[in-house]
Amino acid sequence: MTTLHITYFAALRDATGHAEETLTTEAVTAKALFHDLTAKYHWPFSEANILVAINDRYRPADSVLKEGDRVVFIPPVAGG
Amino acid sequence: MTTLHITYFAALRDATGHAEETLTTEAVTAKALFHDLTAKYHWPFSEANILVAINDRYRPADSVLKEGDRVVFIPPVAGG
Amino acid sequence: MSFQLTNQPINPLIESLHPHTGGIVTFEGLVRAINDDREVSSLEYEAYPELALHEGHAIISEVREQFDILEARAIHRAGHLAIGDLAVWIMSAAIHRKEAFEATEYIINAIKARVPIWKKEYYSDGEANWVRCDRCIHGL
Amino acid sequence: MSFQLTNQPINPLIESLHPHTGGIVTFEGLVRAINDDREVSSLEYEAYPELALHEGHAIISEVREQFDILEARAIHRAGHLAIGDLAVWIMSAAIHRKEAFEATEYIINAIKARVPIWKKEYYSDGEANWVRCDRCIHGL
């Protein structure tokens, strides 16, 4: 089990209902965590549209999560 | 014989020694006039580098000159 | 060479340039009154600041390596903006104009693709929506 | 939509834009301190005003026809300029940025090729020279 700090932005925050949480999970990779949270919160995003940042850097979806990591799933960006 | 008003700019004015003149010429086309003036003033330009404007519009080199035309030979442009 | 994120109105700075500068190309992104045929009344930009700054600085570094430029600066707004407000300002300076055009276009394209700043559009009919740009990213 | 030639310092005007404007691309051409490895101390721009204005207006009309833009403006200086002075200022505004980049680049390329404005460089060693740009034109 790994304890993580998760922050939600923009459309993902709206879909989740809160901006951050600390949770303990059995998910090993960022991708697995995304699927767990999608099931929990009924997120309307497919994984094809989401990037992940771990400790404030973009990381591959199969990155292994470590105790205390800050995880942010990045919904589609449309800035500028 | 045709009487023309000729204006010289930039490097062509320097090479000619004055900024304008009115002259009467046997040259029928702009190209012929350019060659006459090149011979007269020893201009250091080949015709490949010169454009011609007649009455303030770019015109083909073989344009026929008419009485009272304003003629300007345009040395290479390097503005901006 | 710099990337900034700000909650204040953008104050473009074109000074202290290298004396060899011959061309400056600036891009300004404004809040449009219309998007996808819907009338927009205002816009909210939300940033993930730590990652946005990291990616912004990385983009400026890339541009500096890939193009022969003397300067590159970008400033992106966050917060609530009105129609016509400046949302992003980008400037590249180079000896020759070609590189300045290329660098500025590279920066705005990279910002749109990678810098985590989201746009919520408020419409004149009272609705609001996070703008999606599905073509801009590759997902998990 | 306008083209101007001026003997006074250029005063860029980015206002009164259409509310659908989403992107503005600006090009500024400055007097460089160096050209072809020679140190330049100042520059003189000489225009053939009647033809320069005609070609300038024609370029703006072409850009308006060929690109989906909302605005295009260009101002070119004439007279004696110092290092760092603004010699030419160009702005295009469009709904989307791509068209604004293309229009601004088209305008500066066309100005360099067709608008009769000549540049005399004064060098720090006291010499002076009309700058040639043989690649820019097709001759008689």
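Going in written order, the chains are labelled A, B, C and D, and every chain counts its residues from 1.
The rule is simple: a residue touches a chain if its C-beta (ideal position, glycine included) is under 8 Å from a C-beta of that chain, and two chains touch if they have at least 3 such contacts.
On a predicted model such as this, the values are computed, not experimentally measured, just so you know.
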* Pieces of the assembly without chain C, by contact -> A | B, D
* To do: Just grab the chain with the largest centre-to-centre distance to chain D, centres being mean Cα coordinates.
  => A
* Rounded Å distance, chain B centre to chain C centre (Cα mean) -> 49
* How many angstrom lie between the CA centroids of chain A and chain B, rounded to a whole number? -> 73
* **chain A and chain C: spacing of chain centres that average the CA atoms, whole Å** => 25
* Asked: Which residue numbers or ranges of chain C touch two or more of the other chains?
  -> 29, 108
* Touching two or more other chains, which residues of chain B qualify? -> none
* Full enumeration of touching chain pairs -> A-C, B-D, C-D
* chain D-facing residues of chain B, complex -> 7, 9-11, 14, 30-31, 34, 46-53, 56-58, 61, 72, 74-80
* Structure fact -> chain B partner, complex, touching residues on chain D are 29, 45-48, 50-51, 54-55, 76, 87-88, 108, 111-120, 130-134, 136-140
* Asked: Along chain D, where are the residues that touch chain C in the complex?
  -> 14, 17, 19-30, 32-34, 83-84, 95, 97, 100-101, 104-105, 108
